[in-house]
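Have a look at the structure below, then the notes.
Chain nomenclature is as follows: A, B, C and D, assigned in order of appearance, with residue numbering initiated at 1 for each chain independently.
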Amino acid sequence: MKKLINSPESVLDDALAGIAAAHPELTVDRAARVILRAGGPRPGKVAVISGGGSGHEPLHAGFVGPGMLDAACPGEVFTSPVPDQLLAAIRATDGGAGVVFVVKNYTGDVLNFQLAAELAAEDGIEVRTVLVNDDVAVKDSTWTAGRRGTGATVVVEKAAGAVAEGGGTAAEVAAAGQLANAASRSFAVALSPATVPAAGRPGFDLPQDEVELGVGIHGEPGRRRAPMRAARELAAEVVDAILAEHTLTAGDETIVLVNGLGATPLLELYIVFGEVSALLAERGIRIARSLVGNYVTSLDMAGFSLTLTKADARLLELWDAPASTPALRRP
Amino acid sequence: MKKLINSPESVLDDALAGIAAAHPELTVDRAARVILRAGGPRPGKVAVISGGGSGHEPLHAGFVGPGMLDAACPGEVFTSPVPDQLLAAIRATDGGAGVVFVVKNYTGDVLNFQLAAELAAEDGIEVRTVLVNDDVAVKDSTWTAGRRGTGATVVVEKAAGAVAEGGGTAAEVAAAGQLANAASRSFAVALSPATVPAAGRPGFDLPQDEVELGVGIHGEPGRRRAPMRAARELAAEVVDAILAEHTLTAGDETIVLVNGLGATPLLELYIVFGEVSALLAERGIRIARSLVGNYVTSLDMAGFSLTLTKADARLLELWDAPASTPALRRP
Amino acid sequence: MDTALALGWLHATAAAVEQHEPELTALDSAIGDGDHGSNLRRGFTAVLAAVDALPPDTPVGAVLGKAGTTLISTVGGACGPLYGSALRTTGAALPTPKADITDLAAALRAGLSTIQRLGGAVPGDKTMVDAFEPAVAALERAAFDGFSLREAAALAAEAAERGARDTVPLEARKGRASYLGPRSIGHQDPGATSTALLFRALARTAGA
Amino acid sequence: MDTALALGWLHATAAAVEQHEPELTALDSAIGDGDHGSNLRRGFTAVLAAVDALPPDTPVGAVLGKAGTTLISTVGGACGPLYGSALRTTGAALPTPKADITDLAAALRAGLSTIQRLGGAVPGDKTMVDAFEPAVAALERAAFDGFSLREAAALAAEAAERGARDTVPLEARKGRASYLGPRSIGHQDPGATSTALLFRALARTAGA
């Protein structure tokens, strides 16, 4: 394992120091491990708070700022934040209009956010939760942990953040996030595994001629292995996997996110985007907006995820709304 | 070699298809292999044109747009563009006020841009050239190829682009670019090599416990190998290497770019940024502006480069000027 | 179970987690995300610091409660809230100053209920429940049969270890391993494994 | 040298580049950026397409000129403009319809001058010049000594190959390899190696 770190134990604290130094426009509470918009709580504005394990940067800290998140709570690498962080974030951002959590659907995240919400309720602060569960690699069922939250988180945070910035109520902010989530489906392919610093070795082994289909963003192996193929064929497999679980059909418009998992060159992501765009055109689906790059990463994993959001006028309006964050800017 | 490509030969064409699909706000001439601001030549505006080998994305295509480049000419992977591309870019952007080339100092780039400038001169178009040569890993000397152009290219393209957007003359645009270049020095460290698709194997071998110091952005091995160390120590080595060849001293202000080489997680880049910021503070150098992320990459190389630009009021003004490109946005 | 035994148990658990961290990491890498070992190590390091700073006359229930709160505050992930809340519930259910085996079994049953309420897992889902449930059942039986704490805890540890081993052939239905579907078969659940460490530590502390 | 020989030479060079691409790539990976093989392959594939499309009565100089222009338009990198401009200069300097050895040597000397003017390299800098210069010198000597083209080209090829081999102990002062400083020592220069292929192809085409 070769990583630009000081020690596996200090990864999060050292990264927070860097985020604080790099983004004077943000407030980083290094003790509480919370990244905040500068300026304290905004009276009358709903606070949108997200969080999750570290290792997915720019998610979530990179989306803190006007038009998106009020606070991000990064956990240890690939580990959800603890309730204390979320409570600190609530206290630092609650402007009296309520709080909306954006939570990716993982047992750990769900439980920690839930405990925080229960504790906040004891303080008289009502917290609503938007659960992100877009990953079609996992079958949705009430008997299992359900679909995971992955790339759609960006779309959800953008939509919820836009409504909050526009003065929406907590119910409206949560509804916008839920709308974005419901309209989104994702699927990821790994070419190489991620190495968690504390573990010191790759999460799985992958032969030179194989890929992991349906991989998770925490180094979880995927549902199955398949032979490595041309970008065109991998893209087709991914598009088909998503469309099989999506209401998107000919004539629809979509927001497309071709997302790098951390170690994939942008050059390759553009190649994938070109293939995805051709495949969607063949199916009569129009790309209304797009994003290509590293947005929801998985440490040093190589590969990509595709997120397709079925876009109506409302979602496009929220997607286009102004935002000023380290990783996403809209005029 | 596991890459998201269709074939080594089609990398550039396939990526151009993706860039075209992902950025409707740009015009991509796929036959001529030129990426342009939409809308054709702007009468009276100096055209800023850059280019270089592919594999460094978002450089240069990601910096095409208002406030930065008028055109980018991507060559094959790690290979400079050919004069035909540059001439096509000139014809598509020349608004009668002249053309400024931004050229990274590599023999191939210099020669191809020079041939293009000679051919343009035959058409009566005067081309000025800003040579970027910021990499202190290479000793500057008239007897050698001289210092390479690396991370400072972003600063140069921003400065030249800002002056051009503001209506500056070709001489002023070139002068701004030269000012940015003269104020900038860089140094890079690789943790793992890049694999050129056509070569199929990594450009060099690097043992698990070693790094390449002073590596180039084309997979060129660096000046020397050193043992892998903590981020803090690597950052110190890099800062010292740069300051030894820089006029930056206590009391100065700087623009800092901590740049990922392609396969390095943003989490690690923030850790490096934190260390760099502490080291500069110790030396009394103030960070005026900063950028952390993948800007001048080297395919799937892991590691980082540091660029320090000594910033005066003029350079800060140009740095802060509005820009609207895929990879850099300023309101 | 009294304050001294609770403190001893927590220390023994911390030592076991430390020693078995690589194993827990390897198990979680195979069917999860590779952080279960470091999660628990971070948590129990904090737990020791917290409970060792308590006044010596702190009641046993409060010691376990403090341990639970600390796990919740420092671990994150799935196991932080689950183990943390379970310890809090267990602590709250323990009579002061000393609990007999029946009390302890009932308190741990309450802790298990919290895990199941929060996580929704039932035995057979390939989670910590698969070790926790048989351990508690063994304690309950031992209490009914009038065994000593030493004997009862040893039986609970054996039951937990058996339960952990028996997760190997299961297909996971909860937690991160469930994403693997049938590919989760053939691997031992990391959380069930750490639960077995917890009960083995109790047995050791009780003198078994 | 006439049109037929020029075409044969270009075909033979293209075949040699194709065959030796992995070797050129490996040499350029060691002290450069690993693209010299694919650069030249792309270039000579385009050259063949371009020159084969020329009318059969195209003068020899125009054939080489077309080859040079094509290299400039398709190769990029350092070697595209260098080889391309050299071929253009060489072609422009060749009398029509047929050049004798003295003419050819003079024209290639002009091509070499173009490489040196554009790139600023002198012999000993560890570049293509280290193979090109001795090859041209050998041709000049052979012309003076009255050798046949077959003999002259064979001597030039040998000189180029020797020149390429002799780059191994040199420290690079031009091109990408110069960034390595002393670490460039011990590796053969890729451009000098491809120049040797060029002259060997000439010798083969001339019947040696």
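Definition applied: a contact is a pair of C-beta atoms (placed from the backbone, for glycine too) under 8 Å apart; a residue touches a chain by one contact, two chains touch by 3 or more.
What you are looking at is a predicted structure, and each value in this text was computed from that prediction instead of being measured.
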Worksheet item: Where the contacts of subunit A and subunit B overlap, which chains show up?
Response: none
Discussion item. Averaging over Cα atoms per chain, report the distance between subunit C and subunit D in Å.
Written reply: 74
Practice prompt. Round to the nearest whole Å and give the separation of the Cα centres of subunit A and subunit C.
Written response: 32
Worksheet item: Quick one: subunit B and subunit C, Cα centre-to-centre, how many Å?
Response: 54
Fill in: subunit A, residues touching no fewer than two other chains
77
Response to the item:
Among line, ring, star, complete and other, the chain touch graph is line
Item to complete: So, with touch as defined above, which chain pairs make the list?
Response: A-B, A-C, B-D
Worksheet item: Residues of subunit B touching subunit D in their complex?
Response: 8-9, 53, 75-84, 106-108, 111-112, 114-115, 137-139, 143-145, 148, 196, 198-199, 201, 203-204, 216, 218-221, 223-224
Worksheet item: How about subunit C: which of its residues touch subunit A in the complex?
Response: 25, 29-35, 37-39, 42, 72-82, 85, 118-119, 173-176, 178-181, 183
Worksheet item: Touching subunit A in the complex: which residues of subunit B?
Response: 2-7, 11, 14-22, 54-55, 57-58, 62, 77, 191-192, 208-209, 211, 228, 230-232, 234, 258, 262-275, 277-278, 287, 290, 292, 294, 297, 299-300, 302-304, 324, 329, 331
